[in-house]
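Input: one structure, supplied below.
In order of appearance the chains are A, B, C and D, and numbering begins at 1 in each one.
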Amino acid sequence: MIQTLCHVSSIEHIRSNIYVMGFGSSEIASSSMAGQFVNIKVNETYQPLFRRPFSIYHIEGENVKIIFQVFGQGTKALIQKQLSEKIDVIGPLGRGYNVRDDFETALLVGGGLGVAPLPILTNQLRTKRIVTFLGGRTKEQILPTYLENVQIATDDGSAGYKGTVVDLLEKYLVQEQVVKPKIFACGPNVMLKVLGKLAAKRSIPCEVSLETVMACGIGICQGCPVERTDGRKKYSLVCKEGPVFDVQSVVFPL
Amino acid sequence: MIQTLCHVSSIEHIRSNIYVMGFGSSEIASSSMAGQFVNIKVNETYQPLFRRPFSIYHIEGENVKIIFQVFGQGTKALIQKQLSEKIDVIGPLGRGYNVRDDFETALLVGGGLGVAPLPILTNQLRTKRIVTFLGGRTKEQILPTYLENVQIATDDGSAGYKGTVVDLLEKYLVQEQVVKPKIFACGPNVMLKVLGKLAAKRSIPCEVSLETVMACGIGICQGCPVERTDGRKKYSLVCKEGPVFDVQSVVFPL
Amino acid sequence: MINTEVTIGSLKLKNPVLTASGTFGYGDEVKELVDVTRLGGIITKSLSLKPRDGNSPNRIVETASGLLNSIGLANIGVHAFIKEKLPYLRNLETTIIVNIAASTIEEYCDVLSILETETGIDGYEINVSCPNVKEGGLTFGTNCAMTEEITRRLRLLTKKTLILKLTPNVTRIAEFARAVERAGADGVSVVNTFIGMAIDIRTRKPRLSTITGGLSGPAIKPLALAKVYEVAQAVKIPVIGIGGIMTWEDAIEFLLAGATAIQVGTANFITPSAGVKIAEGIQRFCEEANVRDVRELVGAMRSER
Amino acid sequence: MINTEVTIGSLKLKNPVLTASGTFGYGDEVKELVDVTRLGGIITKSLSLKPRDGNSPNRIVETASGLLNSIGLANIGVHAFIKEKLPYLRNLETTIIVNIAASTIEEYCDVLSILETETGIDGYEINVSCPNVKEGGLTFGTNCAMTEEITRRLRLLTKKTLILKLTPNVTRIAEFARAVERAGADGVSVVNTFIGMAIDIRTRKPRLSTITGGLSGPAIKPLALAKVYEVAQAVKIPVIGIGGIMTWEDAIEFLLAGATAIQVGTANFITPSAGVKIAEGIQRFCEEANVRDVRELVGAMRSER
């Protein structure tokens, strides 16, 4: 974990309001685990006041890439950046996916921009068999770059299976013989919650990456609790003990 | 006086941290009097919260130009603007110089960026004889563009007379026969105060443009008082009753 | 058709958006920039019996998302108001509420009595909460019994809508709201500015000539909203929400917290037509959220867990 | 050589910059990002007798230049603190001040007594001002007699530096400061957060699970500075200024207003090394302004007109 001023190395406009931005930091690039995030101060003003957390999307040499949708003040400020301008980044942060478990098939599930941690994850799962399931409202929301064996679900049927990505995964599990599977997911809470039920029913281990509002991202504000199911303690901090959790260990706030 | 979203039509980097910016507004361009100002919302955030007032520098067709020095949050945000981006301007505001008095020679005096209202003033004084006195710390601060019969004073002697611009004016008045003069000035308060004494001594009418912090620029906040000497009332509002005042009518806050 | 009309005492406002006292002059300064007839109403700059010069400069400081002011109730006095400003205001098709400030109970009574003889005034807002004057102001506004007494005395003098404007600089604002309700006020305006200060570290002098001043603007919005909520829980008379309202979204927050109407202050300095835009935004929000009467929003925050 | 050391009670701080309770964890979370030995000291997250889970989410809202929080004093409890955190803190070359929160006077006494048996703690800051808990918190902090009584009782239990942390949510904070001075406190921390609130207009729900919370950050700086000034005029014990300090310039303002030391809170969330940078900035300012002892700045505002 470091705080560093790094140069913006790439800004790609992917589609409609989705951008991929790269910045150079050999320290972050060399130490990031899939599912971890960076916390970015998008400008030098108090508007916005907080940093904005973004999943690490891809690592290319010394460059760390994030993918984001232009949404509010933070992301609007971010796309104002010019190439080689400096940005203030803290990372890598949080606990990522556990890729060292005993499993053979990695089932990657991304809903909408929940695809964000899947490319770096794909990279770090090189020795495993990977099947990737992407869901979105329309085909526009499907971002298969860097991914392997991609299966698509869209709400409006504009690409792939018409329905939710969890339904698609369920159909796949029914139809195919999957050897020692483990699910790695990221997406909206509603999706993760339904996915948790499917994983429980089929006894498949499943890790999910959560989002909450974060003031600090490093465990000093206590602002990002997620309720636990295991009774050991009431809450975990998403920024420090997560953002990746065993899907069965957390209660999804809807 | 209108509020208008207008396009940035030009951004010129004049020298070191001084810029001239133009924006298109036929209404403002056609109704501006020398000494009036525009009040600009430099971005859409609350940082800075207030508009920033700038003297009207020059009018070119439909384009209104301002000149400014990059200083703090407002001017930093202003130079981020791209050509043809929109900015939110209120203007023209305030009471400008009275160019219809009974005088024959206009003595224009500008200290530093106090040169700002002099080009438009020069234009509106076309029928008079004009002599312009510019002062600055160094030659870098002298901006003679659009001006007539320019005489220069610098503190360090790097251009023209070595000394203050008021001293230079005094020398000029001693040496030359000036017919029915009137002084039009803008600059730091210390300069205007000394100038006021010279004008009083020589019984020359003298109007000066003042600066204060302004929250509204249109007379609704009562935030911009300048103390009066004439006892009629204690304060005048710089934004509405000024920014141009008879130098003998105001007390300079130093 | 959506109903945007709200009622405070006997007063009907065509929409819930008023301009806050001291932030819209006497209403005539901005006529070139704003169609004031589209506001719910105008609250004029605080008037005192005699004209007041106001505090010496500097009176204004810009802070992070805020405005610190120490105007000191500079105003032309009630007589000049009647002569120079009221004729214009009287003919406007919008509600006119005159704000009164004073240093003694008698002065409040005098100013109100003088105004009572005039036509064209729809109601009064009583400023017992200015942080920037030596006498009156907060000495009254932080004294609950005094605030109650002022209300009681003024109530005897007018049948028009009487609104007390409270200061947030107290431990329990609800007590003050209850006191003025008891004393017969038709509404409470919540809040005036928060006491604040800034220092120029270069000169080591306070940035305001009076050392402390009042903070307004977006910075105080969360604080003002909490005060409005506290008061709305405590009294039955309408609450008028004020503090950092810059957009229609901000205004809706205040309505949901329990405000029947809102006032736009600092926003006018940046965009004099802010109030009109906010009124339009509220209307549009109602259309889109299928709210047929803006009053349905008042206090409609869902606080169940 | 410039002296940057300041004294609070018997405690010497190597420089006037402390990290504020609840905004720097227990000091160990940030060791990769900050050289904590360059701080004047660390004030740890409020400790209660038993661990506290804290409030349910959502606990955090970003506002205009501000942070609204309702953490609810989530903490590991005094025993776990002693076991898990103190060993690390004890060995740091910086001052450690432990902040204590409680729901009863007895609990304050119990926690302090337990901590008294440990080495490595240099002083205590008593939080009687948390706006986000049902019991204790503001019920104490807005009650002057109670605040005085807590101070008196705790004073009997320790010879270490005892600091009371006051809430700004009162009419006259100076009265509280005088009460704790009278009761034997070595210093007062001014201020905790301001009560605030925000509503999600789409869901119509409050953005915080507790409806209201506490506002911190740049938005409150002018307000906090006015409170510090008020308190510094009223008491002789050192005042520790807190509220919206993001830069060394902000810190100097608080010193000039009368603070002997300052605390950095919200700024840590954006830049965990903010405190160190502020300490460096103060030092540099002294060098450039030819101030040989930082204590010369304390209360050095020039308020003559």
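Heads up, the rule we're going with is that contacts are C-beta pairs under 8 Å (C-beta built on N, C-alpha and C of every residue); 3 or more make two chains touch, one makes a residue touch a chain.
Predicted model only: the values in this text are computed from it and were never measured.
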item: Mutual neighbours - chains that touch subunit A and subunit D alike; value: B, C
item: Selected pair, greater C-beta contact count between A-C and B-C; value: B-C
item: Length of the line joining the C-alpha centres of subunit B and subunit C, rounded to whole Å; value: 36
item: Whole-Å gap separating subunit A and subunit C, where each centre is the average of the chain's CA atoms; value: 47
item: Averaged-CA centre spacing for the pair subunit D and subunit C, given as whole angstrom; value: 34
item: Centre-of-Cα separation between subunit B and subunit A, whole angstrom; value: 55
item: Residue list for subunit B, restricted to those that touch at least two other chains; value: 46-47
item: Junction residues of subunit D - those touching two or more other chains; value: 56, 61, 64-66, 217-218
item: Chain contact graph, described as a line, ring, star, complete graph or other shape; value: complete
item: In the complex with subunit B, residue positions of subunit C that touch it; value: 22-25, 29-30, 32-33, 45, 53-54, 56-62, 64-67, 69, 71, 74, 217-218, 246, 266, 268-273
item: Footprint of subunit D on subunit B - complex, ascending; value: 46-47
item: Complex contacts: residues of subunit B adjacent to subunit A; value: 45-47, 73, 80
item: Sites on subunit D touched by subunit B in the complex; value: 64-65
item: Subunit D contact footprint on subunit A (complex, rising order); value: 1-3, 41, 46-51, 88, 90, 212-216, 218-227, 233-235, 240, 253
